[in-house]
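Two complexes come next, and they have one chain in common, chain A, joined by chain B in the first and chain C in the second.
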Partner chain A sequence: MAKVTLHNVWKIYDNGVEAVKELNLECPDKAFLCLLGPSGCGKSSTMRMIAGLEQISSGEIFIGDRLVNYIPPRDRDIAMVFENYALYPHLTVYENIAMPLRVRKFDKVEIDQRVGEAAKILDIEDLLPRRIRRLSGGQKQRVGIGRAIVRNPAVFIMDEPISHLEAKLRAQMRAELKRLHNQLEATTVYVTHDQLEAIALADYIAVMNFGELQQFGTPEDLYETPANHFVAGFLGTPPMNFIEGHFERSDGDLWFKNEHFTLSLNQFTRVNLGAVKPVDKIILGVRPQDIHLSKTRDEKHNIQSKTFIWELQGEKNQAVLEIGQHHFIAEAEADFISQPGEDVWLNINLNNIHFFDSSSGKNILV
Partner chain B sequence: MAEVRLDHVTKQYGNKKALSDLSFRCEDGKFFFLLGPSGAGKTTTLRVIAGFEAVTEGDIYIGDRLINDLEPKDRNVAMAFEAYALYPHWTVFENLAFPLRSPIRKGQYTEEDIKKRVTKIAELLQIGELLDRMPTQLSGGQKQRVALGRALVRQPDVFLLDEPIAHLDAKLRHHMHGELKAMQMDFGTTAIYTTPDHIEALSMADQIGVINHGEIQQIGTPYEVYHSPSNRFVAGFIGDPPMNFFDSKFTSVNGDFALAFNESNIIIGVQSSSQLQNIAAESVMVGIRPTDIEVSHTAAEDFPFVGKVYVTELVGREEVMTLESNGSRFQVKVNAGFKARIGQTIYFGFNKNKFYYFDKSSEKSLLSREIV
Partner chain C sequence: MSTSAGVIGAEKKNQAEVLRQLEKGRTRQILVNIALYAIALGFLFFSLFPILLIFLTSLKTDVQIFSETPVWIFKPTMQNYKDAFTGAWSQLPFLINSLIITIISTAIAVVFGAMAAYGLARYEFKGNRDLSFWILSTRMAPPIAFIVPMFVLIKAIGLLDTWWGLIIMYTGINLSFCVWILRGFFLDIPIELEESALVDGYTRWQVFTKIALPLVKPGLAAVAVFSSIFAWNEFLFALILTAQNSKTIPIGITGFSTAMGIRWGQFMAVGFVAILPVLIFTFLMQRYLVRGLTFGAVK
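What follows is the complex of A and B.
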């Protein structure tokens, strides 16, 4: 087991593309780190550099205290699990799991013992004599994980290992992975584009975009205190609502204003907004759960909108509301139902709102 | 515009029944969803309506017209597939105009008609600025809209959508729910839409037909299929995380209805007891949604049962916790602040008014829950 440290790491491809820019990151020992971002954000290049499948253009990568820049992949004490399992279809499950040990010339007794342990952990003991081609997708992925576990590596590297599975199986494997990590306590670097997966699995998430680290933190940190507009919009389903406006102050009163509504911030106590560096244009960010709806205007429900679409989601309803040209998504209780075109009044919970600098995208409250 | 009616439709391939005695009605101008897992018969249903497949038995009507023996082109039905199949060497405009220029409609539309219709559809779908682009220059969502536009441009009586947004990424898919619903309402065209995603169906449908193994399981509004599922399949298929089920027996404790659970009893409140009077069966399958199990870190009267945390997964501000108790697993939705760790002991109780009861052999619902 070991921590993984990236220090000023760059990846610049021969064609000049800067895939990873000055990345500084530390995955603590035994932690589950998700590298999260849209396609092309640099998460895969980062993972490939840690694994040694890609040259590091500049900077340093450490596994434990060991600088691994010049150490070939097989000597980095890592094990990888891929989306396509890369199993040998003509061999049995046992032989596939045993393969990394055979390559490293372990003796028969040790191999037998380790394969047995891995199979037990993954609940695939019954499958050991079977051939790969007779297995389901979920079973194959377990074998892939078994082949990684059996080596007892310092770090597991997983590249979207469950993203291609159908929804139900994916949910099941996600739970299994989380339990497995809890049991093995092995440092894990996990690459995914799926924010739900990252939030459900990770101890820490590193959100990347355009090759740059946007934010590093626990899932709660990222969800409740996003560092910028990108992170705020990337995490959460349905996504955070955004609308542009500006601050207005007079006689000690403070408002967020735009052409559609005025939001009094006198009750806003989280941060002293008076001390915030003044910027011209501000983006207000509100999660759908932080909007309360009413069919009549009152002191609290004083932002006007029109129902665009009303959607049932099960225990809760979801409204797509029109505020001017903007669409706002709000979560509503199951007994609150509204028809398209109807007026609905919003109350925004100030405790969880965010303000972003319109030009830099930075969260001005952080 | 027209209603679509399937009357005891069966489709057989050799010995295999793909559709079995299927009956449903999609009212004029409504959005009807066929919801079910892959292999349930959703696509086959659309194909028999479109006329790509012949029915083995039964009748299909569009409006008052029996269409069993009509050619696909004479049914005035348009079908959009998940794979957009755009012509890569043609512009968006040409792709949209294609159905109007097709040889079977020769002479039906003038070039001016075509231009008018394509422009109108493109504006509705917000792809008006993309008309000169080639398909390779479009994003996935834009291609999808072009494909939809191509199906809509003819103004068919019935619009068939076969998992049209299944392959889009989660965010765009979510955005398209609202767009598609608004579009369907704008057009007022009768539409039948297939999906394996219950959220998609709940959020967009006027009516949902839940289908499994080629058989309709239930037809109802989103509210009805969620709150009053007709059988165990529907109850388990709609909802995320899915409903929990456990086997139990009805007993009596001091004259009150009770359910056997974990070598103890759950006493059911008086209110639901009256509804339960009519249930003759002793053994039942009980269902409870993850939001209707309450949990605590400490033992108390309201939390009479004990379990161990199998796994927890954060979902925004909530957490889905899987509990293991007496060999069964239950999924519970709690606030993220609850903070449970794998292996920890947790006490839990049920919201007794929210139990669902199913017959153990037929799996049919034993309660007709009142719909608000």
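What follows is the complex of A and C.
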């Protein structure tokens, strides 16, 4: 087992595209690190550089205390699970899992024993003699994972391993990956674009966008104190609502104001807003869970909106509300039902709101 | 009552109508099948009849060959084969020349073609595309256009009328074909398969020999078959670049067209023997020619 360290890593492709820009990361030993971001954010390039499938343009990558920049993939003591499984089609399940050991000239008895163990962990013992092409997607990925764990590598690298699977199987495999990680305690670098997956699996998440690291932290850190507008919008289902406005102070009172509503911030005590560096335009961020709805206006519910779409979701209802031309998503109690076009009054829970600098996107509260 | 009876009657009539339609469809299907089989049979006859004729003629005496009414039932003789493959005019050395030249040139073309194709498919380097196109362009001029320069060249390096003269020519011509076909096959292999092998512990060379090559077996079989057929049947270069020592079978056969007329019996005997090696080789390769070996690797 080993930690993985990236120090000032750049990836610049021959055509000039800067896929990864000055990336600094450290995945502690035995931790589960998710590289999270939309497609083209540089997460795959980062993963491929760690694996050795891509040259490092500049910077250093360490696995354990060993600089691996010039070490070929086979000597990095890593194992990889691929999005599209990448199993050897001309071999059986057993031979696929045994392959990394055979290449490394393990003796037959040990190969047999290790493949058996891996198959047992993944519950695929009965598939061992079968051919790859006869397996379902879920089974194939189990074999792919089996091939990775059989060698007991220092680091596991997983490239969107379950995104090809259908929703139900994906949820099941997600739980299984978590169990596997708890059982094997292996350092894992996991690439995904699915924030749900990242939150569910990761000890640490590195959110990337446009080749830059946006934020690194535990899932809780990222969810509760997003470093910027992008991270705030990327994590959470449904996503955080944003609306632009500005601060207004008078007689010791503090307001967030825009053309549609005024939000009193006198009750906002989490951070001393008076000490925050003043910026002209501010984006207010509110999670759908932090909005409370009412059909009548009162002291608390004083922001007016119109119902645009109403979705029944069982235990909760989800509403898309119109404030001016902005759309706001809110969660409502199961017994609160509204029709499109109806007026609804909002109360925003100030404990969990965020303010972002409109031009830089930075969270001004942190 | 009467209405319901009417309804039932209508239903019955309907059923009968449906049955008649079904029957009609079935008859049409049968007719279509008969037509298809007739076409297939016609094509089969068209393809196989010349071979049958060669075979039968090779077993006949001259009298039977030249008989005005074709003889279909006769006592076969091996005399033509004896005459063609023994004695001073034996074709056997030419057959051996052909075999050696075909096997060696095909082997070189397939082995080096596979390596070049893999390089072109998997490595990005400056001029990759230009190089690929240049390789293809060697096939663009008609052979007759460069036969004279080639003659001068082969003569200059002293390989006129040797196995190696023809081997070099055939390898050169087949190589570009092998490279282009195999490049496509290599590109079809999901790159993740090879990356996975690299991570699992293979060297680049092992990835090529143990992962990529087994997966392009159908491609290897196809280029081997086509290359060998080309080398086996090639006439123009063999005619110009050989005299006696390395003469191949297509040139040898023309020897039966003599001043005293064509010796049809021996002509056909050699012709029939010349068909066999390529036929056998193709049959041997056939089981690899099935596509879809990579199916199931990903997705």
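Basically, the second predicted complex is superposed on the first by the 365 of 366 C-alpha atoms of A that agree within 3 Å, B and C clash if a C-alpha of one lies under 4 Å from a C-alpha of the other, contacts with A are read in each partner's own complex, and residues count from 1 in each chain.
Please note the rule applied: a contact is a pair of C-beta atoms (placed from the backbone, for glycine too) under 8 Å apart; a residue touches a chain by one contact, two chains touch by 3 or more.
Quick caveat: nothing in here was measured; it's all calculated off a predicted structure.
Q: Of the two partner chains, chain B (first) and chain C (second), which one does A:182 touch, if any: first, second, both, or neither?
A: After superposition on chain A, A:182 lies in contact with chain B alone.
Q: According to the stated criteria, A:280 is in contact with first (chain B), second (chain C), both, or neither; which is it?
A: neither
Q: Between chain B and chain C, whom does A:308 touch in the aligned arrangement: first, second, both, or neither?
A: So A:308 only meets chain B here.
Q: First (chain B), second (chain C), both or neither: which does A:65 touch?
A: neither
Q: Going by the contact rule set out at the top, does A:74 touch chain B (first), chain C (second), both, or neither?
A: second
Q: In the overlay, answer first, second, both or neither for which of chain B and chain C A:299 touches.
A: The answer is neither, since A:299 touches no partner chain.
Q: Quick check for you: in the superposed arrangement, does A:133 touch first (chain B), second (chain C), both or neither?
A: second
Q: Contact residues on chain B for chain A in the complex?
A: Contacts found on chain B: 38, 169-171, 174, 177-178, 181-182, 185, 196-199, 202-204, 222-223, 226, 238-241, 289, 291, 310-317, 320, 322, 336, 342-343, 372.
Q: So in the complex, which bits of chain C are touching chain A?
A: Interface residues on chain C, with respect to chain A: 124, 190, 192-193, 195-203, 206, 211, 214-215, 293-299.
Q: Considering the complex alone, what residue numbers of chain A touch chain C?
A: Where chain A meets chain C, its residues are 14, 51-53, 72-74, 76, 78-80, 82-90, 99-100, 103-104, 131-135, 137, 147, 151, 157, 164.
Q: In their complex, what parts of chain A are in touch with chain B?
A: 166-167, 171, 174-175, 178-179, 182, 193-194, 196, 199-201, 219-220, 223, 236-239, 289, 308-309, 311-315, 318, 320, 327, 335, 340
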